[in-house]
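Heads up, the next two complexes both have chain A, just with different partners, chain B and then chain C.
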Partner chain A sequence: MRRLAAALAGLLVVGGVAVALSLEPARADSHDLEPGSIERGARLYQAGCATCHGDSGEGVDGWPPIVNAGEASADFQLRTGRMPYAQERGQQAQRKPPAYGEQEIRDLVAFVASLGDGPAIPEVTLDPALLSPGQRLFASNCAPCHGASGNGGALGGGAIAWPLTDAPPLIVAEAMITGPGQMPIFDWPQEDLNATVTYVEYLRSAPSPGGFSIGGIGPVPEGLVAWFVGMAALAAVVYLVGREWDRTGDGG
Partner chain B sequence: MTAERLIAASLVVSALASLALVVVFFVGGHPQIEGILLALALGGLGAGIVIWSIRLLNAPIQVEERHPLASPEQTRNDAASTVDMRSITRRTLLVRLLLGAVGALAAALAIPALALGPGPGRELFQTPWRAGSRIVGDDGLPIRPDDLAIGSVRTVFPEDAIGSPEAVTLLIKVRPSELRLDAQRMSWAPEGCVGYSKICTHAGCPVGLYRAEEHALLCPCHQSTFDVLRGAVPTFGPAARPLPQLPIDVDADGFLVARGDFPEPVGPSFWNLTHTETDG
Partner chain C sequence: MFRWLDERLGLAGWARTGLRKVFPDHWSFLFGEVTLFCLVVLVLTGVFLTLFYVPDSTPVVYDGVYLPLHGQTVSAAYASTLDISFEVRAGLVMRQVHHWAALVFVAAIVVHQLRVFFTGAYRRPREINWLVGIGLLVFALAMGITGYSLPDDLLSGTGLRIIHSVIISIPFLGPWIGSLLFGGEFPGHAIISRLFVFHIMLLPALLIGLVGVHLAILWRQKHTQWRGARETESNVVGKAFWPTQVFKSTGLMMLTAAVLALMGGLIQINPVWIYGPFDPTRVSAPAQPDWYVGWLDGALRLFPPIEFTLFGITIPSPFIPGVLLPGLAFGIMTLWPFIESRVTGDNREHHLLDRPRDAPLRTAIGVAALSVFVILTLSAGNDVAAVILNVPLEATTNLLRLAVLVVPIAVGVLTYRVCVELTRREAAAPGGTRPVAVRLRRTADGGFEEVD
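And now, the complex of A and B:
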């Protein structure tokens, strides 16, 4: 009876670990917020942005003008924390937790959009049927910089292409149509945009059936691990089995 | 620990792991944990059987002697008599073998010379781009200058050779006022749509990385960097000559077309690169 109890306890522990590992992180809900207000946005803009971008987005002292940045660009820059800019001048804007809350971002986006004529926040639909064309588009246009698995890469000249692992679909689409920083613009037809965003989302959530992805940076580290860890483990097992046989076989 | 206990422990571990495998499968499955459990199940079973056979079974090593490999005397004599060795003396045999070896070596040295020809002719100087070829994306659709926003990059091909590795071209739209091309090449970039061969002039890798702020094309293989505004002259890295520029025009329907082939050979440089009038 004691043995059975111990066995059941072991099963429970193993099962519990398995369940805990398969849980997905919860997603934040969008609350009932107001649409962006240009007036509130203007006040936030004056306080946080006008020093560099100018009172009406014209750009002060060589900082970039944002008159025609549009909703999409403002939304991208604020939501990914790239703005407000917090580096030495000339460095690539860093991805950070956003400095503004959801309502403030909406207000600022509304204000920036009112300055001039820029792209609106795009609408994208994830469609699994577009995975294959999405992969083709990604391979020829995105993979050169962001890597085949979307884990980012070096661009030379001190610049990097960011990993796409933290980029939700709308952020990817906004980046494509606005070309932030060093990134060129990929202002594509809606279906191509949907296909690419779908594929990036697939890359982010792709299962890793082998266990560790080892950074997802390509076959070389995977091969190294297979050879030096896997083969070494096999060799050790072979050695141990053979040694044991020797020790007892002699006597027989 | 006694052998019995060791075997029992292995088999119990194996059984528990197998049961846990079933449980994990039914609660949703998790590849890594399932893998570990499967390893424990099979490993426990294997360890149990191995220990059982080594410790409990009295299994001395028996060696069975092989029977003699040679055929009986009579068979060997019969075989030897069917081959008449007397017509070939030892000396003739060795001389013939020597001649054969030298001849084979001569052939082995001579055959690679065939690889020196035929000459590639004009092949290295030509790509599928022709005067009037519509410029299309990999979706096969023609492109108007207005389809591209300033700062856009597209990989393009001639309409009749989509996917051609020689013809692959990067179409980049920049502000026309920023372009610093040679005077006669300014007209090759209508509305700032400038096209360059995507094949690096150093080692032939695709020059696929673009730093939009500096208008710099970067080759991922050896970091050759090309200035898009100044005719793709190399500004860094081992590439020695600019990426060839595709002469671009706009046709009557408003689509981008090539005015002709690249003015220079695309891809890595080669020894008679500048002999454009000779035949290879």
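And now, the complex of A and C:
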């Protein structure tokens, strides 16, 4: 019987990954250049990006150059809404809903890629067999900034290692090979890249046992729930049990 | 059967007075009972957990059902925690009920203690039970801290590392205590099995023994009560233990257990499988202790990292917030009844409670101290707040530094004002003066003097 329960639990755990795997977005063909894409991208770039990054990505006025940023970086920055940049200079680029539609993003990415020589959009495969190595790589390399559950963390200097809850596999891989903002570059062998991305996807989508999740970031939400759910419920219980008898009021 | 027992043990007389013991009727007296019932739940679930937990930091290869850790080398303690969570029938729910019960247990102690404090229930003759209560709080905290560390996951390991750094910051003795406790350099080979012995034998024995003393003294001294039409300093008004209080308490026990069981069944707590096994080369962020240690962690975070030399001894920076501050806080708390009676010169027996407004200075000091506690506790979550509010970490830290200096004074003054104002309005309201029983004695020269 215990065996059966164990097998069932195992199936659930594996099932979580299976669900995750089927969620992979179909963006595999972004490598193939569509005719006219670069030209359309150039027009969008002139209108929205050139004021900072310059006509050919050289960077003007102290804004960063993006000549060799590459496809991966442009795709990451645009899909996470970081570009166009809209903060005071020197602040961390904010994650926002993307400013451009799917086709426009492809065109812009094609144009930025044509400026110089940067990393292409990586290919990743999710593979449940890589979960355990992925956990290990994540715990050692990503958790110190993003938290063990990938729910984000604060770094010094006002920067935030963003929660990974909204990052689909390709975004994770792009972040790793381009190192946005204060994040280091993780230029790893394909297998390690796959493993890490698989584990991040597992964290995002696998059901976590134990009931309603309150963030999986430990004692802060737990303490709040202990007081404002547990202790509050018990205070109500105490009041009801204690008060009920006040009314009978016949004395002892 | 009862007769048979009575003839041999002579319990009838004892039981008769016991069953007639009078309990006051106000709901605020029940928080102490809730605390006791949390402890009952903790013991029951804790016994279950000890059946499966392995208190051993020896490395083993994890081959259980949780795939993301499959094949990794982890401590036997961590592996057994995973097994309890994924393979032992009802193991996860027991673990979760145990953990929620622990958090709520300490919360209930604090609420109970606040009730006692703000009503002056610790005044003569109940100072001893106040001291016993402080002892209970200390042991409860020690239970929590030792228990938090047992799963040997990355989060609790980070907590242990902080505790270790605080311990070794004590001048002279620190390094020695540290290596004695941990069995060598951090993380040490012995700490898990030692914490286990503390957590399941030593501390529970002390805790439960002290609970016995606490209740025995309560039984002997009888409850305090609110001032009322019939309640005076020299009687106890309320319901008899049997039948009224027995049913009330049984119901309360069931409901307490129900609340804790619901929490354990429905709300995830401490998902150690996500944190991963402890590894001294890794850190986890954000890392917080359970809420009741949060004020100390918060103090460590707010206190500027300065080291200074005093009489040729270097005082490492964790010493002041990590050792001196809690020492001072617990010292003042322990001595409070004696400090108060010294300051007010009131050394009479009190069986009637004060309302908070009746002792404005005490209430103001209590509220101010509470606000320090709350702000320090919040400070332990400064990194989480920075992410959620999307503001720089340094900004939250500086704001909290300012708050911990200013807010206590502000709320203290405000509380004092409110208390005084409430009393004034009450006295001014027609018929609003509350009944105060005053006994007068005729003195030899024909005047009157008050006696209590």
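Just so we're on the same page, the second predicted complex is superposed on the first by the 182 of 252 C-alpha atoms of A that agree within 3 Å, B and C clash if a C-alpha of one lies under 4 Å from a C-alpha of the other, contacts with A are read in each partner's own complex, and residues count from 1 in each chain.
Throughout what follows, a contact is a pair of C-beta atoms (placed from the backbone, for glycine too) under 8 Å apart; a residue touches a chain by one contact, two chains touch by 3 or more.
None of the values given here were measured: they were computed from a predicted structure.
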Ask   = Looking at the overlay, what does A:A235 touch: chain B (first), chain C (second), both, or neither?
value = second
Ask   = A:P144 contacts which: chain B (first), chain C (second), both, neither?
value = both
Query = With the two structures laid over each other on chain A, which partner does A:A99 touch: chain B (first), chain C (second), both, or neither?
reply = neither
Inquiry  = Once chain A of both complexes is superposed, is A:G156 in touch with chain B (first), chain C (second), both, or neither?
reply    = both
Task = Considering only touches as defined above, state whether A:L33 meets chain B (first), chain C (second), both or neither.
result = neither
Message = Applying the document's definition of touch, where does A:G218 land relative to chain B and chain C: first, second, both, or neither?
response = second
Query = For chain A, which side has the bigger count of touched residues, chain B or chain C?
reply = C
Message = I'd like to know which partner A:P209 touches here: chain B for first, chain C for second, both or neither.
response = both
Message = Quick check for you: in the superposed arrangement, does A:A120 touch first (chain B), second (chain C), both or neither?
response = neither
Request  = Answer with first, second, both or neither: which of chain B and chain C does A:I185 touch in the superposed model?
outcome  = first
Remark   = chain A residues where the chain B and chain C footprints coincide 7, 10, 14, 17, 136, 140, 143-145, 153, 155-157, 159, 208-211, 241, 245, 252
Inquiry  = Please output the residues of chain A touching chain B within their complex, sorted ascending.
reply    = 7, 10-11, 14-15, 17-19, 21-22, 136, 140-141, 143-145, 153, 155-157, 159, 161, 179, 181-187, 192, 207-211, 241, 244-245, 248-249, 252
Request  = State the interface residues of chain B toward chain A in the complex, per the touch definition above.
outcome  = 12, 16, 19-20, 23-24, 27-33, 35, 37, 50, 54-55, 58-61, 138-139, 148-153, 155, 172, 206, 208-214, 216, 218, 220, 223, 225, 236
Ask   = For chain C, which residues are in contact with chain A within the complex?
value = 22-23, 25-31, 34, 65-72, 85-87, 89, 92, 96, 100, 103-104, 107-108, 111, 154-155, 230, 236-240, 244, 248, 251-252, 255-256, 259-260, 263, 265-271, 274-276, 279, 281-291, 294, 377, 380-384, 386-387, 390-395
Task = Would you tell me which residues of chain A are touching chain C in their complex?
result = 2, 5-7, 9-10, 13-14, 17, 128, 131-132, 134-136, 139-140, 143-145, 147-149, 151-160, 163, 199, 202-203, 208-214, 216-220, 222-223, 225-227, 229-231, 233-235, 237-239, 241-243, 245-246, 251-252
